[in-house]
Structure formats: C-alpha cells, structure tokens
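Two complexes follow with chain A in common, the first pairing it with chain B and the second with chain C.
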Partner chain A sequence: MVQLYGCWGRLLSVDLTTGKVGEERVPPAVFRAYVGGRGLATYLLWRELGRKWREVDPLGPENPLILLTGPLTGYYPGIKMVVSGKSPQSCGVVGSAISSHVAYAVKASGYDGIVVRGASERPVYLYVSEDHVEIGDASKLWGLGGFELVQALRRELGRDLPSLYIGPAGERLVRTAAVMSRWVHAAGYGGYGAVMGSKRLKAVVVDGKGPLPPVADREEFAKLRYEVIDKVASRHTFRRWGTTAGLWRVGYDTSSEPVRNWQEEWHSVEGFSHVVIERRYWVKNPWADWGCPLACMKVSKAEVGGRVYVTDGPDYEMGAYLGSNLGVFDVDKVIALSSLADDLGLCGIQAGNVVGFAVELFERGVLAVEDVGYELRWGDFESLRRLVEDVAYRRGLGAVLAEGTYRAALEIARRKGIPPEEVLKYAVQVKGIGVGAHGIRSGKDYPQPIAYAASVQGGDHTSVAGLPVASEESEVWSAFLDSAVICMFTAVEEATLLKFLKAVTGWGLTREELYSTVGPRILSLQRILLLLGGPDARWDPRVHDDNPPRFYEPLPTGPYSGSRASADEVKAKLAEYYSQLGWDELGVPTADTLRKLGLYDAVEVAEQIRIELRGE
Partner chain B sequence: MKLCVELIGNLGRSTEGEVCVEFEGCVDVAESVSRVLRALGVALDLEELLVTSEEGEPLGAGTTTCQVGRVRVARLYRGG
Partner chain C sequence: MSSSQPQAQIWVLVDYPACTGCRLCEIACSLRHEGVVWPAASRVTVYEFYPGAPVPHLCVQCPDYPCVSACPTKALSVDGATGAVLVDPSLCTLCRRCIEACPGRVPRVVPGKPYVLICDLCLGDPACVRECSKAGYNALKVVRKPSNTAIKHYAKPPEVLAEEVGARVLQVRW
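Right after this comes the complex of A and B.
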C-alpha cells in the first residue's frame, strides 16, 4: 500500500437528512492526481454528480457542501481551507478559499475535510473532534448575525472553538451569501453560504487537537519552513498595511478599482487611502490567523450614527466594493458597511457589486422609488446600508438582488419589459459571479484581458486566466495554490513551493507536470462542469467567455483615461489560451486532452457539450 | 554587465516581455530589477514580485549581474 504523507486519506461524511455520520477514504492516487482542496473538491463533485450535473439544484439537498484542507494545511505558513460544491452563482465548481483556524482543526481531528450532504429539517450545527461528531440543535442560534453568533457558540460550548458559520443572508439562501469564520473571514465566491443555509446548517465547529499526519522528509520540511517564514516575514509593506494598501495602489496608481459601478476606475487618495485608515481607524495591527508570519490583517473601528462598527482593514476588496464602487469615500462609512456585510454573512464583493448595479440602474431611471421603496444615491450611507440589509433579508427589491447581479439583471429586465441586454450591460459580472475589484482596462494591474472571460471561476479575482499557461499568470497557478492549499499572500516562487510539497508529501511533482497535467486536469474538469451548468443558468463560450460590456467602454478619468479592453485582443488571446490548454475553438477540452489527463470518463460528456454548442 | 529581464504577463505588456540593460560592473540583481521597473513606470515593490532565475529558481540575497545574466519577473499577488 502506498503511504500517504501530509494527508490522512479520509474525509468526514455527514448526512443531515438521515443524521448518519461516517468516513470516506480518498486513495493516495487521487490526492496525487488532484492534490487536495479545490482539485479534490472538483474530483469529488464530478464523481458524485457529474452525469446528472445539470439537474442538480445547487440549493437542493443533493448538492454536497465540501470543506477541504490541502496537503500543505498545517505545514505551510498561513492557514486556509477551501469551501466548495455546485455553485449557486455559476452553476459550476468554485474553490472558495477562506482563512480559518478551522482548517488546522479539521486536520488535527484526523480528517482532510468534511462533506455535508442532505438537509436537516431544523437548524443544526455540527461539532467535530478527533473522537466525537455531533449534530447539535441550532434553533437558538438561527437568525443571529456573525458577531453575536460567535459569542453564542462560545456560551453554548463553554469554550472559544474555531468555527465556520453563516449569517442571516445564508439562512435566506441569498446567492451571494458567504461562509464566514471568526467575524470577518469569508469564503465569498461561489455563494456557499446559501448552500450551507439550504441544509439548515448554521455552524461547523471543529475541536481538533490531535497530531497532524506525518511528513515525508522531516529535515527538509523544517529547513524549507524556516526559509519560507523568513521570506514572507520580510514583506514589510504587506505586513504593515495588508491589502488595505490597494486603496492607493489599485485605485490611485493603476486605475483598476471599481468606482460607481465601474463607471470609473481611478480615484484620488486624499482622505481615502491606507495611510489615512492606518492613522485614524486601526485599533489592532497586526492580526494573524494560526501560523501566519505575514499577519496582514488589521482591526478597524468606527462610529456611524451612534453605532460602533468593527471590521478588518477594511481589506482592499471591501474598501473598493463597499467604498469607491458605491461612491462612498468616507472611511467611517466604508468600515460600517464592511462590518455590516460581515455580520449579515454576505460576500462583500458580491454585495457591493449588486448594490452598485442597483444604484446605477436607479440613476439611469431603470429603477424608481416605487421599485426600491426609497431613493438610491452614490455615497448615501443610509440608503446603501438599508439596501445591503434588504438583500440579506430578501426584503422588497432586495429579494431580486439577492439572486446576484446576473440573475437580478434578467429579472429586472423581465419586470420592466425591456431586452435583457439593456440591463445586463450594467452588470459587471462574468458567468454569474461579480468581478473582483481589479479591472483590466488600464492594463496596469495584474489581470490580463482574458482574466475573467476565460476563468473557470467567472469573475473570481483570485483565480484569473492568463498567458502563458505555463506561468504564474495562468489559472493553473491559482488552482495549484487552492489545491495545495496555500494562501496567495504567503506563496513564494514555484520551485520552492514544489520542494515544500515534496518534503511534506513525498510527491516529486515537477513544474512540467504541474503545468501540463495536474493543473490542466483540475481546470479541464472545472470547465466541463461549468459548461454543463444548469438548472437555471447555462453558458455558451461564444457569448459568455467575454468581459462585462463596461470593460469595453473607455476609462473616463485618471492617468489612463481613454484605455479600454479590445474585443479583437480578447478574441485572439482566448484562442491562444484554449489552444495552450488543449481545448478546442469553443473552449471545450478535446478528447485527446482529456485522455492525456486521464479523464477518460469525461470524453463523452465533453463531446455532448460540443455537439450542443454547435447545434448538431 | 548585461542583464535581461523577462517580464511575465501585464508587466511586459509595453516591452514585448523583455528588457535588456547594460550595467557597469557587478550590480545587485534585485536593485537592477527595481531600476528597470521604475524606468518602465511600474510602481511595485520588490516584495510584490517573484524574481527568479530563467529556470524559476530563487535567487539568493546579494546575487549580482556578474553571476546572473537573465532573470524572470512575475507578479506575486493575484488579488488583494
């Protein structure tokens, strides 16, 4: 039998319909082929639901909620895990990474992850330790926001234990709901808070204190760990300001930050930058999760309308999406909106995306007071706060926006009797997922012109596509980080990461194998499931492998005004990207590619997708 | 000494992916890369970049242009 290092080779399996708890074995060969985390989640979903993927309702009991670590969890500096399942946003698979001590605790419980199936009739929470699994009554916890919930769990369990949980948004199956941890951490992309809510699972508490699995080469592992810690700890700018520094870099410097629903991408730094936030709002710096030498998180506090709000940073994405994208340049109010999203269990990116979309529709007269119940204006804290809450609680127009920007656009067009494209042109999303706060128009930020158009995770800014495929620019790199599972902010050059992986697992994964086999295997399988889609959304690469229309409009302000995406360049780069991954001109993996990757059982499905797309 | 810097992705958008610069004597590679990027108008700290040998291997601290004639530079953070 092949010895597995760095992983246990077993998952905890919980069925909330029957209350049955068990274990599932994952053979070493599967770990070697898919690494763990996002890759393993994709494999598990394909194996379990692949043939009936289109019929599976992401918010139905058949869709498993998958919580996975990777082989480097607990060993590599920084602590992350991946939340996955069939996404209620894209109807594909999203590997949604979250920083959480739960990752370590899961591994220290003797599992590589937890798979939750079925749905409970009453609200429950799951308690997991190395020798005990319990499905507890969460009736008294249901309805609580994140901040109260963490306190209530502490009282209920008598200790402060690591947990993943949902807020009111997840309970109401809001498609932009996040799975949260420790007040401010979110697995936002994918909408897995809604999946958790559909199972009436309020929280997963993990009390693992056992050992981690053995590593293959203890001496080499210890050497590399110190080497990486030294490198990461020397990132002084990031350590001091975290991603909050992006409010200067991305917004002011590279003109790639969303401003007023992406109508602009540049803003001044006076009054709205990391330095202002550091001086006036941070009450704790640094703040880190278990084992992280970077400690990029900060705690900020502000008072608005007599209420005190606390959040992290706000980190760049929150500052951008709940700040500049809503026309809010008052830091107190950005902190308040960020804290509100955390408490409600909303993905701040998707919340800011859909609310910004609604404000623009209001500004353009597509929506009116009778649709919303009140006026919407850029920068108006009260109406924005109210709309964020309406989304989380599915009140009024909030119930439409709770479906996410793409579905909301279609519904608003239907209600107004106007062509969908007249509303979709203001929806800054790709394949049902609001685009992260890094634009492509100036060409000065990291995302390439096909970053979102070709990503198997749609608008996910942490999993962008790019050329060449055999480089950190491609989505292979993100898929690897999310599978191993490594925080992108503590990552180092690939040669060292591969040595680290070898020291822990014993696998001799080479650079060539990563970019030609392992990475493309994960991406090709994700791509097939994305193109299968369903039941309510299907993607045609000729239409949907594209940027939001807004990215083809010229930037109106800032040093790069006039810059925009070029449709010809996007088409040419898409063709090149498909070709380098062994996908055909429609972006469907070819039979030869799938066979080369060992995905024999996907050949027929890919052919069916190809036939459907060609209308044969 | 000549140092060629291969710029990956958007970093190389305006230079067809490569810039070669002549330096007098042995110059610290990290400092040289920093100068090249500043000249190209890229306002990034070295800590935001992955600077490696052509083969992707990490460069030791203090590596100079007399030891390495070609380096590869990619952006480290994809997000945040």
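Right after this comes the complex of A and C.
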C-alpha cells in the first residue's frame, strides 16, 4: 500500500438526521488524483450524487456539507480550508475557501475533513476532537450574530476553540449566506451558510490537540518552509496595506471597481482609500491568520450612529461591494456595513451585489417604495443598512433578494410582469454567482474577458478562467491552490509550490501533469456537475457562458471611458479555452478527454448533456 | 568573553501590540521540540479572545520559580545557564501541581505527551523568537533576563491578559 504523507486519508462523517458518527477512508490514489480540498470535494460529490445531481436540492438533507483541508494545509505558510457541497447559488460545485484555524485543528484531530449529511430537527453544534465527537444542543445559540456567538461558544465550552459557524442569514437559508469563522472570515462564494442552516447546524467547533500527519521529507520541508516565509514576509506593502489598497488602485488606476452596481468602474474619491482608513480607523495592523507570515489583515473600528463597529480591513472586496458599489464613499459607513455583514453571516460580496442591484432597480423605477417599504438611494447608509438586515432576516423585499441576484431578478420580473431580460440586464452575476469586485471592461485589472464566463465557479473572482490553460492565468491554478489547500496571497511561483508539495506528500506531481491532467480533471468534473445543475437552475453554455450584460456597456467615466467587453472576442476566447481543455464547442468535456483524465464514469453523463443541449 | 564566565540568563520579551496572532511561534516550537507541526504541544501559545488583541503566553521564569518548589517529584529544575525551567520526563507524573502553582497557568498537558510542557528557552536560542523575527513581526525578542522582579507579573492567565490587551486595542467593552 502506498504510504500517505501530509494527509491522514480519513474523513469524519456525521449524519445529523440519525446522529450517527463514523469515518470514511480516502485512498491515497484518490488524493493523488484530486490533491484534496476542492478537487476531493468534487470527487466525493460526483461519487455520491452524480447520478441524481439534478434532483438534489442544495438545501435538502441529501446535500452534504463538506469541510476539507488539503495536503499542504498546516504545513504551507498561511491557512485555508475549503467548504463545499452542491451550491445553492450555481447548482454546481464551488470550492469556497475560508481562512480558518479550524483547518489545522481538523488535521490535528486526525482527520482531513468533515462531511456532514442529513439535517437535525433542532439546532445543534458539532464538537470534534481526536477521541470524541459530539452533537450538542444549540438552541441557546440559535439566532445569535457572529460576534456574540464566538463569545457564547467560549462560555459554553470553557475554552477558546476554533469554529466555523453561521449567523442569522444562514439560519434563514439565505442563498447569499456564508460559512463564517473568527468574527470576520467567510466562505462566501457558493452560499454554503444556507446549506449549514438547512441542517440546523449552528457551529462546528474543532478541538485538535494532536500533531499533524508526518511529511515525506522533513529536511526539504524545513528548508522550503523558510524559503517561502522569507519570500512572503518581504511583501512589505501588501503586509502594510493588505487588499484594502485596491480601493483606490482598482478604481482610480485600473477602472475595474464596482461603482453603483457597476454603472461605473472608476472613482476619484481621495478619502476612499487605504491611506485614509489606515490613518483614521485601523486599530491593529498587521493582523494575521494561523501560520501566516504575510498578515494582510487589519482590525478597523468606527462609530456610526452611536454604535461601534469592528471588522477586518475592510478588505478590498468588502470595501468595494459594501462601499463604492452602493455609492457609499464614507469609509466609517463601509466599516459599519462590513461589520454588519460579518455579524449577520452574509457574504459581503453577494450582499453588496444584490443590494446594489436593488438600489439600481429602485432608481430606474422597477422597484418602488411599496415594494421595499422605504426609499433606496445610493450612499444612504440608513436605508442600505436596513436592506442588508432585511436580506439576512428575509423581511419584505429582503426575502426576494435573499435568493441572490439571479433568482431575485427572475422573481421581480415575474411579479412585475416584465420579461426576465429587462431585469437580468442589471444583475451583475454569472451562473447564479455575483461577480467579484474585479471588472473586465478596461482590461487593466487581472481578469481576462472570459474570466467569469468560463469559470466553473461563475462570478467567483478567486477562480477565474484564463488563457493559456497551462499557466497561472488559468483556472487550473486556482483549482490547484484550493485543492492543495493554501491561500492565494501566500502562494509563491509554481516551481517552488510543486517542490513544497513533493516535500510534504512525496508525490512527484510535475507541472506538465498539473496542467494536462490533475487540473483539467478537477475542472472537467466541476464543469459536468455545473452543466447538470438543477433543480431550480440550469445553464446553457451558449447563453450562460457569458458576461453579465453590463460588461458590454461602455464604461462611462474615467481614463478608459468607452471600453467594454467585445462579444466576438469573448466567443473566440471561449472556443480557444474549451479546446485547450479538451472540451467540445459547447464546452462539454469530450469522451476522449474524460477517458484520458480517468473519468470513465462521466463519459455517459457528458454525452447526455451534449445530446440535450443539441436537442434544445 | 572567556568560556569560564557564566552565560547571561536570557528572557523572551513580549511586545503585545506587535503580535499579529499568526502562531508561527507555536509551529516553530513544535517543530523544534517534537519534529512535527503540533501546535497543542508548543511551549508558547497565542490566545486571541478579542479581534486584534492576541496574547502570546509562555513561561516568564519567575524569580522565585513557584512551579519548581511545587513539584513533589523534583521533575522540575532551573537551568543555571539560561534560567529556563527544565522538565525531567522520567520524573514527571502529570500531577499538575506546577500548573496550580503558576500565576499564569502556563505549563501545559497535552494528550500524547507523558510529561508537562514548559518553555526551556531552547537552551539559549528560542525557535519561537527566531521564527517571529524571520516573519518580520518581532513580537518576541531575546533579551538578557531583567533583574526587575516585576517580570513575574507577566505571568497571568490568558483570559486576564486578553481582557486587558483587548480593551486597549478596541477601546470598547466587547
């Protein structure tokens, strides 16, 4: 038998319907083929639900909540964990990465991950240690916001233990709800907070006291570890400013920042930058996650309307989506909205996306006061705060917006009796997932024209598609980081990463194999599940492998005024991308490709998808 | 310096505001002592009860060494060269008297280790300090052991330290 290094080869499985707790073995060959994290989650989902994927309700007990580490988790500097399952947003698989101490704690408990199935009747939390697993009563914790919950868990357990949890949004199955950790961290993309809520699972607390599994080559590991720490620790401005620096740069310099629901992507508000935030609001800088020599986080504190708000950063995504995208340029108010999203357990990106969408609909007269209950205006903190809370608690129009931008657009069109396209044209999303805060129109930021259109994770800015496939520009790279599971910000160049992987696992994964086999294997399987979709959403590549309509409108302001996506260019690049991955002209993996990747049992399903698409 | 001269005892100076809460120190400590990544077996622990207010927690080598006096089996002794508390694994019975005697409840007991864990200052070159400096945080520094007996006041239970440091960082009751 092949010895496994860096991983244990076992998962904890918990069924909340029956209360049964057990273990599942993951053979070394599966790790070798899928690496771990996102790749392994995709494999597990395919194996368990592939045949009936379309019928599986992401918010039903059949959908497992999957929490996974990867072989590099805990060894490679920085920390991430992957949350997955069938996504209630895309109806495919999203590997939603979160910075969390739970990641190392799971490994220190003797597991590579946790799979939660079924659903409890009453609110519960899960306690995990190497010798004890318990499903505890969470009725007193249900309803609590994240900040209070972390305190309450500490009281309940008598110690400060790493946890993943949901806020009120997840409890109410809000599709834009995140799985949260440590006050400010979110696995936002995918909507897994709602999946956790559907299981009435308030928190997963992990008390890992053991060592991590042994590595294959201790000397090489120790050497590479310091090599990476040295490289990462020398990213001085990134440490000092974090991603918050993007608030100015992505807007003013590269015209790629969402402003008022992406009606613009440029701003010149001097006060809307890390420089001002640093001087006025950061009370802790730098601030780091477990094992991280980068420390891109900062603690900010602001008082708005007599209430004190604390959050991280706000990092670029939170700042852009809960700031400029809502027309809020006063950073104290952005801190407040970001802190509120943390506490409610909302994905700040999806919340800012859907609220910005609603404000534009209000501005255009599609929505009126009688729909919302109050007026919506860009930059108006009070009404925006109220709407964010209404989404989390599913109150009034919030109940519609809680379905996420795509589903909300369809519902609003239905209620108003107007064609869906008339509302969808303001929905800046791809395959049910609001696009991250990096536009493509100016061509000056990192995403390519097909970044979101071809991504197997829709609008996820951390998993963008790009050409050439055999490069760090492609989604193979993100799939690799999310499977290894490490942080994109502490990642170094591929040669060192592959050496690191070898030192930990002993596998000789080569660059060639990564780009031609392992990466495409994960992406092709994710693609098939995405195209299967269902039950409430289905994607036709000819329609949905595309940018949001807004990206075809010319930028109205800034140095790149007039720039927009070109439909011809997108079509040509999609064709090239499909072909490089061995997918046919519809973007369905071909039988030859699937066989080459060892995905023999997917050949028939892919063929069915192909026939359906051609027949429609 | 002649080799017969006694080496100055050392001490780990903690700079709370500089600590990022990254716990690289825990990783380095466990790699040095256990040869694996094993944070629970680290002799230094970072607690963070409030966002942005991490507190590194480790033995401060109290001038009167209450843990050493409390040990009924003489498993604990003071290393004359560094001033560190040394644990003799063959004598420790895990009775936990040292933990009770410690004003900071610093010594640790962890499943899989048959003796109590206390910082031994890595015999003069603490791995945690080296790691913290490599990361460029410098929240931990090696200094000559201060003669000021107030160093004992640094030994407080983590929740007490967290409360004080947390209140200073956030300036609000949390």
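The rule is short, and it goes like this: the second predicted complex is superposed on the first by the 614 of 616 C-alpha atoms of A that agree within 3 Å, B and C clash if a C-alpha of one lies under 4 Å from a C-alpha of the other, contacts with A are read in each partner's own complex, and residues count from 1 in each chain.
Going forward, contacts are C-beta pairs under 8 Å (C-beta built on N, C-alpha and C of every residue); 3 or more make two chains touch, one makes a residue touch a chain.
All values reported here derive from a predicted model rather than from experimental measurement.
*Asks:* Figure out whether A:Glu473 sits in contact with chain B (first) or chain C (second), or with both, or with neither.
*Replies:* A:Glu473: touches chain B, not chain C.
*Asks:* Tell me which partner A:Glu270 touches in the superposition: chain B (first), chain C (second), both or neither.
*Replies:* Once the two structures are laid over each other on A, A:Glu270 reaches no partner at all.
*Asks:* Does chain B (first) or chain C (second) touch A:Ala495, or do both, or does neither?
*Replies:* A:Ala495 contacts chain B only, not chain C.
*Asks:* In the superposed view, which residues of chain A touch chain B and also chain C?
*Replies:* The answer is residues 234 of chain A.
*Asks:* Please give the residue numbers of chain A that touch chain B in the complex, ascending.
*Replies:* Listed in rising order, the residues of chain A that touch chain B are 234-238, 242-243, 246, 249, 253-254, 315-317, 436, 438, 443-448, 461-462, 464, 466-468, 471-473, 477-478, 488-489, 491-496, 511.
*Asks:* Which residues of chain B touch chain A in the complex?
*Replies:* Touch residues, chain B against chain A: 8-10, 13, 42-43, 45, 47-48, 50, 52, 55-58, 74-80.
*Asks:* Quick one: in the complex, what on chain A touches chain C?
*Replies:* Residues in contact with chain C: 74-75, 77, 104, 108, 130-131, 151, 154, 160, 182-184, 208-212, 214, 218, 222, 226, 229-230, 233-234, 239, 283-284, 286-293, 295, 299, 301, 308, 310, 312.
*Asks:* Which residues of chain C touch chain A in their complex?
*Replies:* On the chain C side, the touching residues are 17, 20-24, 27, 30-31, 34-41, 47-49, 51-53, 110-112, 131, 134-137, 169-172, 174.
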